[in-house]
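Each chain carries a letter (A, B, C, D, E and F) given by its place in the written order, and its residues are counted from 1.
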Amino acid sequence: MMGHWIIAPVVLPAIVAGLMIILLRGSLRLQRLASVASIVALNGIAIALLWAATIHGPEAYHLGNWPAPFGIVLVLDRLSALMVALLSALALAVVLYTIGSRWDQKGAHFHPLLQFLLMGIAGAFLTGDAFNLFVFFEVLLIASYGLMVHAGGAARTRVAVQYVGFNLIGSALFLIALALVYGVTGTLNMADLAVKLPDLPEGDVALIRVAAVMLILVFAIKGALVPLQFWLPGTYANAPGVVAAMFAVMTKIGAYATLRVGTLVFPPDLPATGDLLSTLLFPASLVTLAVGAIGVLGATTLPRLAAFGGIASMGTAFLALSAFTPQTTVAALYYILHATLATALLFLVSDLVTRRRAHARLDQATAPIAGSGLIASLYLVAAIAMAGMPPLSGFIGKLLILDAFRDQAPLVWTVILVSSFLMILGFARAGSTLFWKPADSEAPPADHPPEAFCMTATFGLIAGLALLTIFAGPVTDWLATLADALDQPTGYIEANRLGQEP
Amino acid sequence: MTLLIDIFLSVLLVGGGIFALVGSYGLLRLPQPMQRLHAPTKATTVGVGAALVVSAFGMVPQGGGISWHELLITAFLLVTAPISALFLAKTLILRGEDPAPLPDSGTGRPWSTLSSDPDA
Amino acid sequence: MEALLASLIGVLTFTGVYLLLRQRTFPVILGLTFLSYAVNLFLFAAGRLVVNAAPIIGRSQTYADPLPQALVLTAIVISFGMTAVMMILAVGGHLASGHDRVNTGDEPTEDAG
Amino acid sequence: MLKRLFPHPYLTLTLIVLWFLLVNEWKIGSLVMATFLATALPHLTAGWWPDRPRIRRPFALAAYALLVLWDVIIANFQVARIVLFMPRHKIRSAWITIPLDLRSPEAITLLAGTITMTPGTLTADMSADGRALLVHALHAPDPGAVRDDIKARYESRLIRIFG
Amino acid sequence: MSLALIAALPFLGALLPGLAIRAGRNACAASAGSVTLLALILLALKVPTVLAGGVVHTRVDWLPALGLNANFMLDGLGLLFALMILGIGLLIILYARFYLETTDPMGQFYVFLMLFQGAMLGIVLSDNILLLLIFWELTSLSSFLLIGYWKHLPEGRQGARMALAVTGGGGLFLIAGLLILGGIVGSYDLTMILAQKDAIQASDWYLPALILILLGAFTKSAQFPFHFWLPHAMAAPTPVSAYLHSATMVKAGIYLMARLWPVLAGTPEWFWIVATAGLVTMVLGAGIAFFKDDLKAVLAFSTVSHLGLITMLLGFGTKAAATVAVFHIINHATFKAALFMSAGIVDHAAHTRDLSRLGGLRKLMPVTFGIVLLASLSMAGIPPLNGFLSKELMLEEAAHTTWISPWAMGLLATTGALFSVAYSFRLLAHGFLGPPRTDYPAMPHDPGAGLWSAPAFLVLLVVLIGVFPMATAAWLVDAAAGAVTGQPVAVEIHHWHGLGSAALWMSLTATGGGLLMLGAFPRLRAVWGAAPRPEAKRLFDGLIEPLAAAARSLTGLVHNGSFNRAVAVAVLAIAGVSLWAFLGGSHAAGTRSLLPVDFTSLSVWGLMVAAALATPFLHRDRVVALLLTGVVGLLIAPLFAVFSAPDLALTQISVEVVTILLMLLALHFLPRTTPAESTFPRRLADAGIAAIAGLGIGWLAWAMLTRQPAFAPISHFHLAQSKPGAGGTNAVNTIIVDFRGYDTYGEIIVLGIAALVIFALSETLLRSPAVTRRLANLPRPREDGDRHPMMLVVATRFLLPMALMVGVYVYLRGHNLPGGGFVAGLVFAIAYLMQYMASGYEWSQARQRHDHHVLIGWGVLIASLCGVGAWVAGLPFLTSGFDYVHLWPLEEFELATAAIFDLGVFLCVLGAVLLALASLSRLALRTGEAPNTRPFDIDPAMRDR
Amino acid sequence: MILPYALLFMSACLALALVLNLVRLLTAPTVTDRILTLDTMTVNTLALVILYGIWGGTGLYVEAAILLALTSFVGTVAYCRFLLRGSIIE
């Protein structure tokens, strides 16, 4: 049993960030050291948590020693442990890349903000309380605002206004939904809701349905689901490359929360909501996938291309989530693992390219970039991963989804496969302009020193994708147990020890 | 005794209400901006002062003690109201919103608000 | 009384959304502020309306539901932080680009200075 | 030593009183707390109040306060009358310059505050050398009389208090 | 394991050339070659087993849940292809070593080539169709890289993209087809699938699966109408053309059709689709080849044609035809690869591949001519070469096949053969015969043996198979055809079938006709040139470019950066979805008894509604808009007070004023007015959207306010435990610092982060020259000459300690009465702001002891450590403790760890607000304006003014 | 007891005063008038809160009144400084 370690992913980054603010403001080197140390430790903790969740099953941590549902609980189960592990692995790549690329020199407070972001995301993954989920959403969002405008610039700052503004609408909606949930049921603990909602009086059903769809729409904003995706392309394309890479996991929070709420609080067998969420998510995710794929083909800059790739991956992930069956959940989670690493990789590669290129536009060639062979190969790998081509995990993820949606084959398969086609086209066109097409008259850019940390980070992500591919069998088996636990969340609910002394 | 306090407090309340109303009414009725400044800074303060006194002694008829917080608020308002008024007046002066021309300061220096103005 | 609060929440939302649909950052921020007023009141309404029942133990016979109040407190603080960040972003965007349009992609070309 | 401990003794005293006004109960604990805070807070803000005003006659200050309070209450009725009943065209507003004999910033501020709080007049500005106040009178058919009244009734008292 | 090893070897080998290139070009080629050779040897070891009718299997579980496993199998068909892939691969590696220029990155070439080889080998060795799919798509990818190998050539880029689009796209159809196939059978293992012919052909899903699979195969094998990509792939270096686009990759589609032949073939659908596509491709490809001038283009269309021939044979669905198909696969690989390599040699030597600029090479390049001569004659189907043997068998099969009418197939097949003869002879005649010319771009000569040995070896095979088919090829054909048909095959290949054989006459017709056609070339060429015909590249570009352009404009249109539209869409979507959800469930009106309206509330309500509704009309003056917002924000406080929420009233008031200050600070840098930019209809529409939102939320509020909660709210616990459990009588405060202290923990961190963000961005802004320039040029209306008015400073000297004391008081009483660390922090902050406003930030900050960052840091740290402290007692994070202390002479008082947590809250809030506002005021520090040195500007006590 | 009636009377006065404030706020000829109105409004609100505290007899709202007084002052000075100097802190 993990005990206090469950909260470590939240408290550790917070304390490290606090110490950075107090003691290390003067020294970027020490900040880097602390940041890396914290993230390495986080990885260790995440692995331990993953191990514990696998061995012992769900475990709750009663904050303040108050019994649930009256206090706030954190719940460690396979899903939360997995997401925390994914987060910390990604963070390691991002922090290494940041150091290598010196993005952190281009503005103040990169590392504290990164730590706070990790804290917020980990908190969101671990919490078992609906309102606390809101709080940690806000923590991660506000840290993301800071990271988004890191290093400044007119375009970036202006897009950040939109990003913040749109997310504030999301936050408002979240609060409305939570108010409805509490106003109708009188509780905020998700397990408690799972227990109480089946007994909901008939007359309250309409309101709780509204709350349910509002929650899902909030998560859809985070997950950039059409028609709430407008914020994403600009944001991701204008964010610093490292930040965009880190954001790869932020869209997945929307998917995570949808999965959690859609299986625990409003499962398909809940009479009040039934297949409400599926009915909502299914068409939206299909359109999202299409919008993303069309965007990949139509993107005018490399970062935008990566951003639309991200949208397409979210469409795919939500599509897989939308059925809320164990089989689709396995496919969804496997795909989410893949898409997080792949999207991050693509953004890092995109950053490698754009930092070496005179401009980021895809319709005009520039002089060949320094180290183009290696970077082109990295781009190729990233593109393969994003487009879901073999041999990387994206293909397996896609196969899993296609296989799981056999019943709706004509529609789902068509959308997925046509989208893949558009993305292949888009990536190929972009890549051939970037790496093959020679510029007319431009002088070659200044020699760009190879950045060992950047390469470590990108290769680390590739290694992650490779491992995910090679160990697809064990991973999906493990996920199958997870998916079954989500389908029958009694373990999760019992871990809360509702109404009993913690 | 209780009745006396009751009456006293009631008179205060009625008076305070009227003063508060006068302050806000003056804001509407007085024609010049500087004139309007007079009404609320004083009348309203007195009105609120009345309410505060009532609040301070409000529990006495029921056998409670005097509440002293209200004295603090009164003191606070007395200190701040002139500063607020000063700033409002400075704003009016700077923006030339009051029609009446300013007198000379008699010290050979302009009024401070206009001292950065080359025309002053 | 309930109708008053409900309609007030509606009106605040109306103003908030209307301002959110303006083309400059400042009204958009004010819109978000209005929206957060509305939302805070809505969250508060989850505890229903009670008078003379502040949840201070021993000060009255019945108590208003303290939980939504605590939640609103959190929400107020958070929306303050968010507004502050939004504000500096608006300032930054204006200083960096020379205008304060909220929509990107429709800025006039003479926006250089 | 004592000066170092209490940079502004009147402030400290005021704060002790304020604390009791705040907590509204007469306990030993409150006194301990009041003393502690009234000592600590002026230290926290001492850097922002580098000089210390001299008050030569503290009791005269108390008397002045009562005088002003009385004037405030009485003269408020005049303002109410003007606001409510005087026809607009009959209101004779005027700007009045008050040359100052006071020099202490605290004293001038107190005077300005007094002028504003007593109805009918309002301090609107100070000259750029701090030697005159600009006062606006709501209804002053004889501005000179108002000026003389202010100087005699308030400024002279303040000169005695602050020296 | 060993099959998996064979399949894996090229991939492992792909690492070597990249490394070996540092040791030189020979080492590089040798590394690739030796790996290939090793694989070939390992494969050879399996030959006896396969020839004995055995099937070699290797199974490795990969993703059993899906049915995707690394299962390999080797039977006759696989063996045939594997031998071709590795054998020709070896020759290509040799050839490429001498073909590539020193300026070409050879390491990269061999890496890509080995990747391709591995992928191709994987296809033919897979026993799992999902695994096959993976390798299938990998061939598309690696071929993309190889075609685009010469990066500077635009044709290379376009050809590569076209090839990827067509074959990769086809691969997607294949995915669907194979998934359906696996679904019908219940397994993705070929071994299982091949045993399920009846089930598959009886299934409703047979036809969709067939079509999808064939789309995959046809695109890969360049069958009509997907044939157009192959000639454009010729931009690749010649070794690539020889390897991928004649011998191997394009045969992947053929392989797939042959592989699935046992379960898919034999139905009318199969016959009509496959045979027709093959037939059309064969005739069309050969016809076009005749008119092409580029040697490689001739060969490319020839390849298209021959692939059509093989496809057609497979389409017939008979055992005999399938056997011929297998035989022709071998033959085509030998002569076509040899021809491609020879074309490369000519190109190398003469610096052109254009037939109209060549001719007479026979004398200049005798060795090359010899190779080309034999290979071309084989291609034309001239005895006794191997091409002749399979062509005869093909014509025989065609003659006996009824397609539309009994003779149509025979006629068309003969036509195809005729064209084939024509272009083969043209290649010889126009390229090599005739007198030598004087105007070659470079003087042609035979290359070194390194370059010609590989094609020579292949031509040797052409001759050997041609002369001794039964000795050299029959065993392989038997094995492969046996695997294709699933029946034992013992092929009989003869040169002479007697005068009665239809093929003889068809063949003679074809040869004669071909020669005539060559003779008429100039005239035919003129007709061809005048005839309108679809140009593949234009058609493809006409499809893809508009697609890309449409995607670009659609994306630009949808994601045009309009925040307003995004908000409008979001609001409408939220409203619409919510309404839909609401209508889908039952709703009962609330039964809660309502509160009577009181006077105060009504007036406050009226004010707020009026102020809120006035804002849309007056908002363009931003100060007025801010004032109106302030009115609304301020009046929420009494509302909270009326409805029993004193803590909220306190918080609302203090937050409101700080917000106003912040906005005023910000407004300094922004325009003071908002221009009127919206048309009246737009404003009306916006108002409509806003009204929908307002009505929706208002209705929800009403519905919620008028009902009782369905279950007892959890807050009864908080009320009951506030005093005994958490040690405070203010239940809101005990929730904030104790029951839900963790929320507060997150909340103060939000605030802290906000301040950090504001600080960081203001730092960044100040670094930007454009920003500092704009800051210096901010419009400065007429300004107050008195920056720090004395009276404000003097008042602040009293007010500040007073306010601080109020702050302390609010903090201390919070646990039991309204207040707490948060409000206290704000009160402190407001007090400090008062000081900053009075004497300026620089002056004030210089006389202060703390840095705002440190306050935030300590706040976070204290709150964290207060939480962690509970671990010491073995209790969870943020568990609080409290006790009542008696300390003479003081009265009993309470000490609670929650107060420490609240101190963290206090510090964080104070630091955050101060840092945020300080950052903004730092921006306002004017360039060239020195900060004040005294607390106020005008000091009446100064004598010398 | 007449105190409740007096309370009601003053509440009515304040409510009316607030309405007058609103009219002024919306119709004010100068922005300074609007600031002045907001200041007045705050003080009137403060009085209302105090009255409400007297009505309920809990004394829970005095702190709110203290804060209102503080904020009304700070707000007014800030608005004026904004109009006077542009930057409220310099």
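Note that a contact is a pair of C-beta atoms (placed from the backbone, for glycine too) under 8 Å apart; a residue touches a chain by one contact, two chains touch by 3 or more.
Fair warning: this is a prediction, and the values are worked out from it, not measured in the lab.
Undergrad: Give the chains in contact with both chain C and chain D, ordered by label.
TA: Under the touch definition, chain C and chain D have E as mutual neighbours.
Undergrad: Using the touch rule from the top, work out which pair, E-F or C-E, shares more C-beta pairs.
TA: C-E
Undergrad: Cα centroid separation between chain A and chain D, in whole Å?
TA: The answer is 61 Å.
Undergrad: Based only on mean CA positions, could you tell me how far chain B sits from chain E in angstrom?
TA: A distance of 68 Å separates the two centres.
Undergrad: Distance-wise, how many Å sit between the C-alpha centres of chain B and chain F, to the nearest whole number?
TA: 11
Undergrad: Could you grab the centroid distance between chain B and chain C? Build each centroid from C-alpha atoms only and quote it in angstrom.
TA: So the centre of chain B lies 31 Å away from the centre of chain C.
Undergrad: Got the chain D residues that touch at least 2 other chains?
TA: 18, 22, 112-113, 123, 126, 128-131
Undergrad: Multi-chain contacts in chain F: which residues touch at least two other chains?
TA: Each of 11-12, 14, 16, 18, 21, 35, 51, 60, 63, 66, 70, 73, 77, 81, 83-84 in chain F touches at least two other chains.
Undergrad: Mark out which residues of chain E touch at least two other chains, giving numbers and ranges.
TA: Within chain E, residues 561-563, 565, 567, 571, 602, 642, 646, 667, 697, 700, 704, 713-715, 718, 740, 743, 747, 750, 753-754, 757, 761, 764-765, 768, 770, 783-786, 789, 791-792, 795, 798-799, 802, 806, 817-818, 920, 938, 945 contact more than one other chain.
Undergrad: Applying that definition of touch, give me each pair of chains that meets it.
TA: Touching chain pairs, listed by label, come out as A-C, A-E, B-D, B-E, B-F, C-E, C-F, D-E, E-F.
Undergrad: Using the touch definition from the top, list the residues of chain E that touch chain F in their complex.
TA: Contact set of chain E toward chain F: 599-600, 602-604, 606-607, 610-611, 614, 618, 621, 623-624, 627-628, 630-631, 634-635, 637-638, 641-642, 646, 649-650, 653-654, 656-657, 660-661, 664-665, 667-668, 778, 780-781, 783-784, 787, 792, 799, 803, 806, 810, 817-819, 823, 827, 830, 833-834, 836-837, 840-841, 917, 920-921, 924-926.
Undergrad: For the complex, give me every residue of chain B touching chain D.
TA: 18-19, 22-23, 25-26, 29-32, 34-35, 37-39, 41-43, 45-46, 67-69, 71-72, 78-79, 81-83, 85-86, 89-90, 92-93, 100-113, 115
Undergrad: Would you pull the chain C residues touching chain E in the complex into a rising list?
TA: For chain C paired with chain E, touching residues are 1-30, 33-34, 37-38, 40-42, 44-59, 63-67, 69-74, 76-78, 80-85, 87-92, 94-96, 98, 100, 102-106.
Undergrad: Could you pull out which chain C residues touch chain F in their complex?
TA: 51-52, 54, 56, 59-60
Undergrad: For chain C, which residues count as touching chain A in their complex?
TA: 20, 25, 28, 32, 35-36, 38-40, 42-43, 45-46, 48, 67-68, 71, 74-75, 78-79, 81-82, 85-86, 89-90, 92-93, 96-97, 101-102, 104
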